[in-house]
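Two complexes, one shared chain (subunit A), two partners (subunit B, subunit C).
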Partner chain A sequence: MDRSAQAGPVANVLAWSVLLFLLLPIGIVFPLSVTDQRFLSLPYEAPSLQHYATFFTSERWLASTWQSLVIAVFSTVLAVTSGTLCAIGCWKLSTRLTDLVRVLMLLPIIVPSIVYALGIYRLWIRLDLLDTYLGIILVHGVTGIPYVMITVTATLANFDPRLEQAARSMGANLSQTLRWVIMPRVMPGIASGAIFAFIHSWDEAVLILFIASRALFTLPRRMWDGINENLDPVMAVAACVMILLSMLMLAGDLWLRRRRER
Partner chain B sequence: MATLAAALSRTAPQTRILGASFSWWLLIAPAVILMLAFYAFPLAEVLWISFTEPEPGFGNYERLLTSPALQRVWMTTLRICTITTAITLVAGYVVAYALVSAPPRMQRWMFVCVLLPLWISVLVRAFAWVTLLRSQGVVNEALLGIGLIDQPLRLIWNEFGIAVGMVHYMIPYAVLPLYASMRDIDPRLVPAARGLGATRIEAFRRVFLPLTLPGIVAATVLVFIFSLGFYVTPAILGGGRTLMVAEYIKLQILDLIRWGVGTMMASTLLVAVVVVLAIFARVVDFRRLFGGRH
Partner chain C sequence: MAALQHSLTVRRLAKHYGPTRAVDDVTLTIARGQFVTLLGPSGSGKTTILMAIAGFVQPTAGEILLDQTPITPLPPERRNFGMVFQGYALFPHMTVAENVNFPLRVRNVARAEAERRVAEALDLVQLGHLKDRRPSQLSGGQQQRVALARALVFQPALLLLDEPLSALDKKLRAELQVELKALHRRVGLTFIYVTHDQEEALSMSDSIAILRDGKLVQEGPPGTLYERPATRFVADFLGKSNFLAGRIVERRNDGFAYAVDGARFVQDGPAPAGDDVLIALRPEKIGIAADGEAAPNLVEGTIAAWSYFGTSFALIVETAAAGTLQVTVPAWRCPVEPAEGRRVRLAWTADASVPVARD
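What follows is the complex of A and B.
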């Protein structure tokens, strides 16, 4: 390639400064979590795992981690089942009405969480679902549907509809066609949709402020209170735990992509 | 008789097709029911409440015109969103530009740097910025340590802190559409302009930049919309001293229990987002973005 099409040294230096800026807050959390001090700071003398010990023996932090996991797993199941079926139905029918359905399914990505939070808070007061597993799982599940819709729709985009027609004409009924023809094909989309839906619930920090108060305290909720009250070093450990799970999910997604490309 | 049989034989497959499409609709039903009952309905209720509480009418919306406090919240929000969008776009443009011309190996590393933050909880990132920017934070300690300053700078709990956190959150969302628009540009165009005598800057300004316009528009819309309703980062890095609209809404509902004003502000926010989307829907191919058919 001609040299003049390459970015100049100035552009490259600027670009890398921006990239370092992007990594800075992620990079700082781990050193903070191994501080040997009683307050939030970088380690003074030697790294120490004392705050990890505190986290993993604290009933409150462990309970929050567990609650976050349970909620994320069940809301992912809800989002993945309903979202996948919906994406397949929309793909097959592909009418004006299903285009409308697609827009409906994308609402949670377009509408600011704070606006929806008011509505669901009001509805859950009436239905007595505040501070319950069911209430949070429903909310996280419904708001996770768009991610599944997008990933599954993407895998269906280059799927020949005649395959489905062939299966039907050879006598397969709808559930057989779904199970043996369509599902294997969209599995990668379902898997990465599930990863996104899981992360969505695991990280969700706005809706939870409204729909949970005492009984249920997810990890983001506990971090939120910690940031606003006392900047305890255990917070850095909690942040690392959250990052670790995200990284596991990211690794899973990359692995799936690589397998798909092969 | 023969025509009847022919008519029947023609209608029979049709009813089967209708029946078949019915069962496909059944697949769509659960998600639609969930979304209508637990998303669209509560959302509609927010709009409804804004007109009916504390008393029916446009009272809440009138306050928007008469109350300086409400106007200040909106002005603050628009100001911070504009600043954020402008900085994000410049930073994102530089990254996308370097990204598109980098050799493949380098490109992969740059992509990791851009995409990694997207996977990290927004709350964790806000927390990290607090630890970095507060007066006993890492940045101030470092600057004091090397003697560059003798008093901690006030980097947080003001608009500066909010802007840092928001720009950090938004950059990946700007890089992706910008990169997509740059990748589609024929790589021979800029060298051609140079060959015809254009300087480096001219070639960029008159050939490259105009071609990336769709990407710039898409990135602007995306970042601006996300910024408008952003809650977590402004709430934490603003420390309650700089009120943006999302935090104002939260205060109205959870602390002051003023549903009328809270839902009015939320409805206005929703309308603002939809209007921005609608204006730019012609330029940005949202149907492709959202997976619809062409």
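What follows is the complex of A and C.
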């Protein structure tokens, strides 16, 4: 084995510190959520599930979870459909203009969300979309497009253009080629993109603060309000629920990748 | 099957990419049921011509006719040509049977009928037992056969093959050449085959079209092209050849004599116009003459190098009169024991060589 490829002690310590730094905030939330106290703290005497009970019986928290899920699902559908079609279109045409379109579609993750939120806020006032499901689904869907664009474009880069030629030489028209040859090949990219777009909407906290007022209370917004008003440990429970769902989605993504490699 | 045969005409076809002329005014007629090979080095335009026939390349000028019908404006999916791609282009997410069924699925063929035809096509290439495998579970030769079955199952008007054997090892390639030729005879379709491998072209084709720099250089049956190459390029590209540059010194009815560095040689057939002549002489048509034996053309030389190929010896002989000559002699009962520095007398008849155009 090549010795030079192995990390020295300094690099090892550095790497593990970075990893710990990334994991600690996630790790601290769980002990907080099982506290036996009435404020946000570590358990004093024994861990308790009382706040979980509160979360799962509280109408407000459950309504927020349900809202977040609905918004995430619909904005994912929006991001996946438009992102996939755009990625395939750019790939098929492949001109300088489509290169520009690709960059434009990545803007939502390049422009700071707060700037984006401000612009949307002004526009939504005029369109009367503030504090509506449609308003937030549109915003989350559009800002989710870059994730789908990136993953689908990546799978298309590995797509053998001769497969498309083969399909056409056998008489397949554009829609048949798209449905039976191109889509099955880019499906893993679409699935990955969908998972990221979902997570993006699920934990989005900036745009929602600008757009929502009374009707919309997604989980991140409810947590934000909770931190400002009182330090209720139920927030930690909500955080655990959010992390759990995100982890499940990521595990699903890993499983899909594993299956694709086989 | 004769009713399914079609002829194809390529008329004054040109394809320019900016200033580059990938195909430059090529006219070619492919007769019904023929196995025609487009042969040329890379960059000769052979694949561009095939892609234009398939419909993937829109020509700059010229037209393509199936029988008498122009097909140039038709998109590939409406031409009904079977095609075997370099690297096969099998759909990795489908089984062998699903791959072969694809053209039938596109055409909405009823299920029972489709199943029967898929089975028939797979039997044609002896792969019926592997129909549920994925392409990644097959060997290169098997993938190649699936690609063939898939290109034939919908009874195409023509079969186009783009270097289908180039990814295989030498022995398998030789086997599949025999199979392809037998398949051509069985299905009776017109085959258009593209390759850069001259042995493939010689062993399978009814007719070969040799291309160079986008132009058609010579076209004809393999034997004619090999025995009567029109230009130096053809003689060199198809097999090996020695070239003798000389001046015509005597013209007769049935031949002529030419001089190379003072030595005099004779050649059958009509003399080309002009005094200068270039003669192509195949290495295997040069014999070794015994001492005192007479021959129409004779040179003396010494063996500079030699190698053994089992069936034959390849000799490099330095001669005073004709320069360095490549000579191939059968190894079995070879008239000389090859050794470097050994003197040999080389002889060939007046019909062994052929005058070619310089290019």
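By definition in this document, the second predicted complex is superposed on the first by the 252 of 262 C-alpha atoms of A that agree within 3 Å, B and C clash if a C-alpha of one lies under 4 Å from a C-alpha of the other, contacts with A are read in each partner's own complex, and residues count from 1 in each chain.
Simple rule for what comes next: a contact is a pair of C-beta atoms (placed from the backbone, for glycine too) under 8 Å apart; a residue touches a chain by one contact, two chains touch by 3 or more.
Everything numeric in this text was worked out from a predicted model, so none of it was measured.
Enquirer: Where does A:Val103 make contact in the superposed view: on subunit B (first), on subunit C (second), on both, or on neither?
Expert: first
Enquirer: Touch check for A:Leu163: first (subunit B), second (subunit C), both, or neither?
Expert: second
Enquirer: Can you tell me whether subunit B or subunit C touches more residues on subunit A?
Expert: B
Enquirer: Based on the superposed arrangement, let me know which partner A:Pro47 touches: subunit B (first), subunit C (second), both, or neither?
Expert: Touch status of A:Pro47: no partner.
Enquirer: What is the shared patch of subunit A, the residues that subunit B and subunit C both contact?
Expert: The overlap between the subunit B and subunit C interfaces on subunit A comprises residues 168.
Enquirer: Note which residues of subunit B are touching subunit A in the complex, please.
Expert: 20-21, 23-28, 30-32, 34-36, 38-46, 49, 91-92, 94-95, 97-99, 101-102, 110, 113-114, 116-117, 119-132, 134, 136, 138, 141, 168, 171-172, 187-188, 190-191, 194, 200, 203, 225, 228-232, 236, 246, 249-250, 253-254, 259, 262-263, 266-267, 269-270, 273-274, 277, 290-293
Enquirer: Touching subunit A in the complex: which residues of subunit C?
Expert: Residue positions touching the partner: 54-56, 75-83, 85-87, 89-93, 102-103, 105-107, 150-151, 154, 160.
Enquirer: Help me check something: in the complex, which residues belonging to subunit A touch subunit B?
Expert: Subunit A reaches subunit B through residues 1-2, 4-8, 11-12, 14-16, 18-19, 21-26, 28-29, 32, 40-42, 78, 81-83, 85-86, 88-90, 92-94, 98-99, 101-108, 110-123, 138-139, 141-143, 145, 149-150, 153-154, 157, 168, 174, 199, 202-203, 205-206, 209-210, 220, 223-224, 227-228, 231, 235-236, 239, 242-243, 246-247, 249-250.
Enquirer: Which of the residues in subunit A end up touching subunit C in this complex?
Expert: Touch list, subunit A to subunit C: 160, 162-163, 165-173, 176, 180-181, 184-185.
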